[in-house]
Amino acid sequence: MRNRSLAKVAAVSVAGALALAACSNSTPNNSGGLNSGSAGTGTQGAIKIAFQGPLSGENAQLGINEINATKLALDQWNKANADLQVQLVELDDVGDPAKAPAAAAKAIQDKEIVAVVGPSFSGPTKAVCKTYEEAGLVLVSPSATNPDLTKTLNCAAFHRVVPPDSLEGDLAGQWLAKKAKTVYLVDDLTDYGKGAVDAVEAAVKAGGATVVKREGVDKDKTKDYSVIAQAVKASGAEAVFYGGYDAQAALFAKALTAVNYPGLRMSGNGVLSTVFSTNSGADGDGWYISCGCLDATKADNAKEFTAAYKAMFNTDPSTYSPESYDVTNAVLEAIKAAKAKGTVDRKSVWDAVKALNYKGLTTTIKFAANGDVENQVINLYKQDGGKIGLVGDIKTS
Amino acid sequence: MNWLQNLPDYLVLGLTRGSMYALVALGYTLVYGVLQLINFAHSEVFMAGAFGSYLVVSQLAPGEHGFLGASMIVLAGLLTGAIVSALIAWTLELVAYKPLRQRGAPKLAFLISAIGMSFFLVQLFGKLFNRFSGNPFPENYLDKNAPVLELGGVTVTRIQVIIIVAALLTMILLDRIVNGTKLGRSIRAVAEDAPTAALMGINIDRTISRTFLIGGALAGVAGFLFGQAFGFGNTMGFDQGVKAFAAAVLGGIGNLRGAMMGGLLLGIVEAIVPPLPFIGIEWTDVVAFVVLVAILVFRPTGLLGEKLGRAA
Amino acid sequence: MRNVPWYQNPTVKRLFGCLALGLVLSLMIGKQQGSRDDYYVGIKKALFGPSILGPRIILFLLVGVGVFFLITYWSRIKPYLGRPGIKPMAIGALGVVMGYVLLKWTDNSRAAADGKLGTLSDAASSTEGLSPIAQTFFTMPVPWILFLVSLIATLIAVILRNRVLGYAAAAICVVAGLWGYLAHGYVQSFLGTPDHSLGSAFQLLAYLTIAGGALVAARSHLEVADTKNFIRRAFAWRPGLFLAAIGSLVGLESLLQATWFSPQGRNATLVDMSALFAGSGLAPVSQQFLRWGAFVLLGAAILVGLVATLGLARKKLGWVAFGVGVVGALLTLLTLYLATGYAASEGFEGATGHWQNLGAGGWLAAMAFVMLAGAGWIVATLDAPVQVEKAERDLMSSDTVGGSVRHIPGMKYALLIAVIAVALFYPPTMTEYWQNVLVSQIGIFVLLAIGLNVVVGWAGLLDLGFIAFYAVGSYTTAWLVGSLPAKPPFTVSPLWAIPVAVIFALIAGVMLGAPTLRLRGDYLAIVTLGFGEIVRIVAVNAESITNSTRGPSPAVPHPAISIGPLQWEWGLNYLQYWYLLLVIMVLVIIGFRRLEDSRLGRAWAAIREDEVAAQATGVNTFRAKLFAFAIGASTSGIAGVFFASQVGYFNPQNFTLEYSILVVAYVVFGGMGSLPGAMAGAAVLTWLPEFLKEQVPAEDRQMWIGAVILLMMIFRPAGLIPATRRETELEGIDEAPRIEPRAVPESESMGATS
Amino acid sequence: MTISVPETSKQLIDHDDVIYDIKNVTLRFGGVTSLNDVTMQMYRGEILAIIGPNGAGKTSLFNALTGVYHPQEGTISLAGRSGDSHAMVIGKKTHIINHMGVARTFQNIRLFPALTALENVRVAVETRQKSGPVSAMLGMPWQRKEDRESIDKGLELLRFVGLREKANELAGSLAYGEQRRLEIARALGTNPGVILLDEPAAGTNPSEKRELAELILQIRRERGVSVLLIEHDMKLVMSIADRLVVLNFGGKIAEGTPEEIQKDPVVIAAYLGTSAEEAAEELEALPELHTLALDDPDANIIIETPHVPAEEEKA
């Protein structure tokens, strides 16, 4: 593609600009000259979707899991639909709400972007959702799980395919309450970890079990989990729930083994990744993990996806990859639907996303009015022999 | 009471944590002694030690090892950690401090050049290796959780023994160097009064760079121990460095015994106070800093005062 | 002589050092990235990856060897650097390379993915229908050949110091620069999309700098140049000329090439726009302005401005230029306002309202008018004709003959006006992305750096927990607008939170300072660091007050003013925030400049210099330090208010220790104790990561920033703009004795009295 | 010797008005006793010199008098300016004591090197002003007035010490003797009743010494400021001081007029490190007294012209 010509690029937009000048000269004394400018806007040069998530910084791994799946989905789409080529724009928000507006500005100013996959994290979502809404850009997040986003944020642009933490935490808490009478709760002092543990706490209490203590361990600052592990052991709790992410959970798992903690260990969707299983090794065996998602390496209807992902990126899909794959495919379907009805622009894609009914790997994507999917399933996983495997629907396990 | 019953366990944990703080704190204090400067990049020297020792240990570890073999691997880890860190610290002095000293730069310029060096090293190591925060060391050769000592319900594991013993031996070695060798005498002389030391024929530049070598080696030992115990990554240095610096100040910066004491004290405080029923582990850092501030308000030059450095 | 072992030989040491430098560079440069599966892969790729000379390491070691020779023979090279014209040539050459390699040449990502010259020329060289002038330029080696030819011609001219060759070289450079500039212009108008790229303008300026070097070489009398004084003389030659010249250039660009109006991403220049609105219902005055008024007014302003500054009938013409400039600027803004509003009200496709859909042109025109007006004003109000004459004599040679110019008349105002004009009218021409960066990164951190400069720079107290006060400001705002779980007694608009936030931050500053200020430097540093961390952890853990990591909910609203008939709300437009920030910053800067030169400012300086002596001189050091803490803290609090209301949503992650350390780095990087320095430091170091996004892998940016900070401290430990004591404050009183001893001597006094 | 003590010297001294009343002051650092039971008075209008061998406690006394050190025993009471009532010094902070009318200079010059000469003086002048940071930021009229005043006063003081031309130069770039004078100007800026000069002549050349002596006399004569002086240059001390106090090993060993001190065997013994009896015998061996002035080669003049000041006065 080295010898591309500018002419292709320019043809459309130049026509618009020239028409603007030419027509206005010929029709004095009314505003017809101005209106004639619309001649240039009928068709579009390219259609783009954006991905917003952490591509650098502490949380980059989650973002990379997701964008890889998005790339895979787009690649497959563009091979299959020669008449509807879609490009990807990468927006790095570092997972930081303060950096998100700049990323959003970049998406909004590129008028060819019609939809956004992401943001990956809840904090950035809160920071920029209204901006996107104002710009008429629709968001579909594969992983922003904070319950507020669909409860109190009141942002019509936002959609997500994962259940909110409140639901996952609720079911995880109920499950825990069945298995243990006393539960020790640990979160990682992040938005996600705290939200998950809040829900677990409420459900555990409602289920009749006792919360021995709830503590927080700073995700970024702490490497030495021995004190908290000792405290868990000393409390004599029958189970411990950790709300946080994979790498830290692995450290915690090791520390728990080091102090010989005998009880049940459980965690939420942030831990479901190869990072946890490789880093914790044997020390992570026996951990239960709840997730409103499907393990793409195990689930039957996802074999093809897993194979294609591995072929493209030389690694297994990890946390949120299948979700991101689903989101991207759903958005592409929406673009296709919009094109079928007429023009592809932000407005038409917005409407199409709202009307989606797409059966993906992880769930059926059909959005309720608040932006959550209507059909929500929580699965339970367990690590054995250094590998995470599916146990089944958490309600029945 | 639950906490009281477990106090001995927490004490052991605090002692291990504190030993590592102390090792890193000694580096801060040594440099402060001779230059009256906070070596802000020292935390990265510590980090480099973990990476350096990993590269060697990961090659040696696979396979079956007896007790002797495992000990040799640990020793190799300690040594490579010390060597790599010492080299990094030496380079650091050469690049980030020496030119500024020769230009007579203001004191804060040293701090900022060290911060620049720190950013640089963190990300360079991230680029060269990886940017994950908790890479595990090989563990199978060690069986690190095997209990070594059981005293009335308190279990001391193998890794804890290794950490405490290694730290103790290193500190004794340091004490011998500083108090018993010619290099140690020149370090003390430079710390006391650099211009006079220069008049006495001590090569200031050489003494300073050797001080960095020693401080770096200590941090490298800590780097290996920390990595083996908890995992390592390119960003592991910053928080550990801040705490170790706090420990050095706590004991009286510039004072070697102070740094050891400060490190152990801080480690123990962090281990025994937060698990108290009415506090909570999320307040660990607050506890550490409140203790620091409280001590400094009553003893403005730290617990033991500035013995090595000059009092204003 | 003692026998030195070979490895202690300084040359050998240097060689090793340079080779090590090459090694480190090979590790730093490039996209290679390590992997957790194979710890050696990153190093392997960095050292043995492919390059034009086999394994990369060879290439980089050669670079090291080059550096080695450069250092080793520096003493022989150095005398040549003193030659007239060498310095501008070197700087210009660097600029051209930057313009060619690093900067963007187009915003149109379909024309060139990364927007740089290389990729753009791929597409442009094969485009049918593009003007041959542009096509030729974009045929790949052409720009580089132009560059080499210009450089070699200038180099010959500089070495031979031949007048004719010098002029010829200058002409070649101007042609090369203009060619690139025009070629870019053709591409831009061919693509018909508005453009914010700076590459072509930058390379033009760089070429002009090289041309300047050639001119200097042509005109110089001696072999040794005194560049610094030459520049001073050049600026002193005709006060205001520099402003008028920039104004003229900007004005020409705006009238002839820049986009004025761009609904739906199209590109209408001034001519297009006037045609577009011709005969419409737009107010006649604006229609006429678009049609001919802009040309006439700007032409007049340029003419009068240049003539006035060049010294013919200066004063009156100065006022005329001032008047024309002001009228022009006002008319421009009025027209932009009316035209955009009209377009929107008439439902023109893509027009969305007042001030929307504008290109850079109108703003650049306003900038030009303001600069020309400023130049006129400087000329009109200046009263130092003697120096003007004196400077003229020596202007056109860069050698030492001329002597130095102590004060450049009007320079302070010229700089000020230029800065104001740029601050007012440049941001609207930037992309939304850069506007956001300007407001939420650069602007806020500049404000923080201004605040910290009081503490670190002026009072000499190392504060590593400065961000805590920023947090206090942000949380106070969130509390006052009712976005936190803890509810305030009454809710207000964020703007009215400023006084409360200032007071809260001030109290926090005093609370921290009172017990700890008796600690010496490094002890204070760790205690403030601890304080910063404590504030952050409390924000995380005190869930019932701060809503913990979830942050304020609902989002902090945007500020709004409603005083009687005056209603104004800051919406989501970043520009509105920029102007709000500008007002805040200007007020703070004015206040702080006065403060620096007040009794407290001097007391701070005294404490910083020698605390014991300050006490013995009667300075209440504790009180002065506490003031420094409080004032710094409240500035930080204001920044916090601004941040909270601009972002709307934030969490404790925004107040980590890293930010505190960064702000200290900004202040020292810029120049401790220097207000412009601190601002420049913050601006450069917050801009740099965004700039580096286009140049290196995103992950590596901090590594490069670390390297930049390190190099800055090694080679310029006093910072970008080091602090200087202000002598000007004494000007009035000082003039007399300074002149007295020289004025009294025989010749003059005798002549005057007899 | 070209300096002559003005005839009015006696009239300037008011023996009823005590500035410093020092009683039984003892100052210890750990085991070291730096001042041992020192009792002395300083009267308004006098130039009082404190001499003694190195380590005698002179500077410690200065630091005790200015609140840098806090003696464990004894009292120091101060009436800084004429008409002030006496107040205790010990326990007060340095800047408070400065506000009570005591200014000082340092043995090893401690200026603010990065500030201009004028600014150095202004720092001192402005410690007596009231305007705060807010009025400075707003540029209030009274603040501008004070600003103006401090410039005027600063320039006036610079002129007084002969540095008017150097007002805009950085203090750090001034010559050594100029720095000494600037330090005096800065001390005078706080409008003191008494000024404490710690070895003002150290490191200056003979002509600078003469100027300095003139300046010290001028300070008393023209500005009515009493002077407490530590000085090793005996020639200078003997020529300008009204009275001397001799310290040795932290204790006061003698007190009196220059001529009394010069003849006092105890003092000579202190300088020679011998007993008083031996010293009395060796009084003839004059060249030995060379040590009195340490590094000043012509210090032995003091013995050669022992009675100059007194005789001039009598005449």
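So that you can tell them apart, the chains are marked A, B, C and D in the order they are listed, and the count of residues begins at 1 in each.
Rule of thumb we're sticking to: a contact is a pair of C-beta atoms (placed from the backbone, for glycine too) under 8 Å apart; a residue touches a chain by one contact, two chains touch by 3 or more.
Computed from a prediction, not measured in an experiment: that's the story for all the values here.
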{"item": "Chain pair showing more contacts of the two, B-C and A-B", "value": "B-C"}
{"item": "Maximum centroid distance from chain A, chain identifier (CA atoms)", "value": "D"}
{"item": "Per-chain Cα centre nearest the global Cα centre, belonging to chain", "value": "C"}
{"item": "Separation of mean Cα positions, chain D and chain B [Å, integer]", "value": "50"}
{"item": "Whole-Å gap separating chain A and chain B, where each centre is the average of the chain's CA atoms", "value": "39"}
{"item": "Chain centre separation in whole Å, for chain D relative to chain A (CA means)", "value": "77"}
{"item": "Shared interface positions of chain A, touching two or more other chains", "value": "60, 189, 216, 218"}
{"item": "Residue numbers of chain B (touch at least two other chains)", "value": "131-132, 135, 280, 282, 285"}
{"item": "Touching residues (chain side chain D, partner chain C) in the complex", "value": "66, 68, 93-95, 98-99, 103-104, 106, 110-116, 118-119, 122-124, 126-129, 131-133, 136-139, 143, 146-147, 150-151, 155, 164-165, 167-168, 170, 186-187, 189-190"}
{"item": "Residues of chain B that touch chain A when the two form their complex", "value": "2-3, 5-6, 9-10, 13, 16-17, 131-136, 139, 144-145, 155, 157, 159, 226, 229-231, 235-236, 239-240, 270-271, 274-275, 280-282, 284-285"}
{"item": "Contact footprint of chain A on chain C as seen in their complex", "value": "36, 108-111, 122-124, 126-130, 187, 190-193, 263-268, 272, 275-281, 343, 346-351, 431-433, 435-437, 440-441, 537, 540-541, 543, 548-551, 553-555, 572, 574, 643, 647-651, 653-654, 690, 698-699, 701"}
{"item": "Chain B contact footprint on chain A (complex, rising order)", "value": "58, 60-61, 189, 215-218, 220-228, 230-231, 234-235, 247-248, 250-251, 254, 257-260, 275, 279, 281"}
{"item": "Residue ranges of chain C touching chain D (in the complex, touch as defined)", "value": "590-592, 594-595, 598-603, 605-606, 609-610, 612-621, 627, 631, 725, 727, 730, 733-734, 737"}
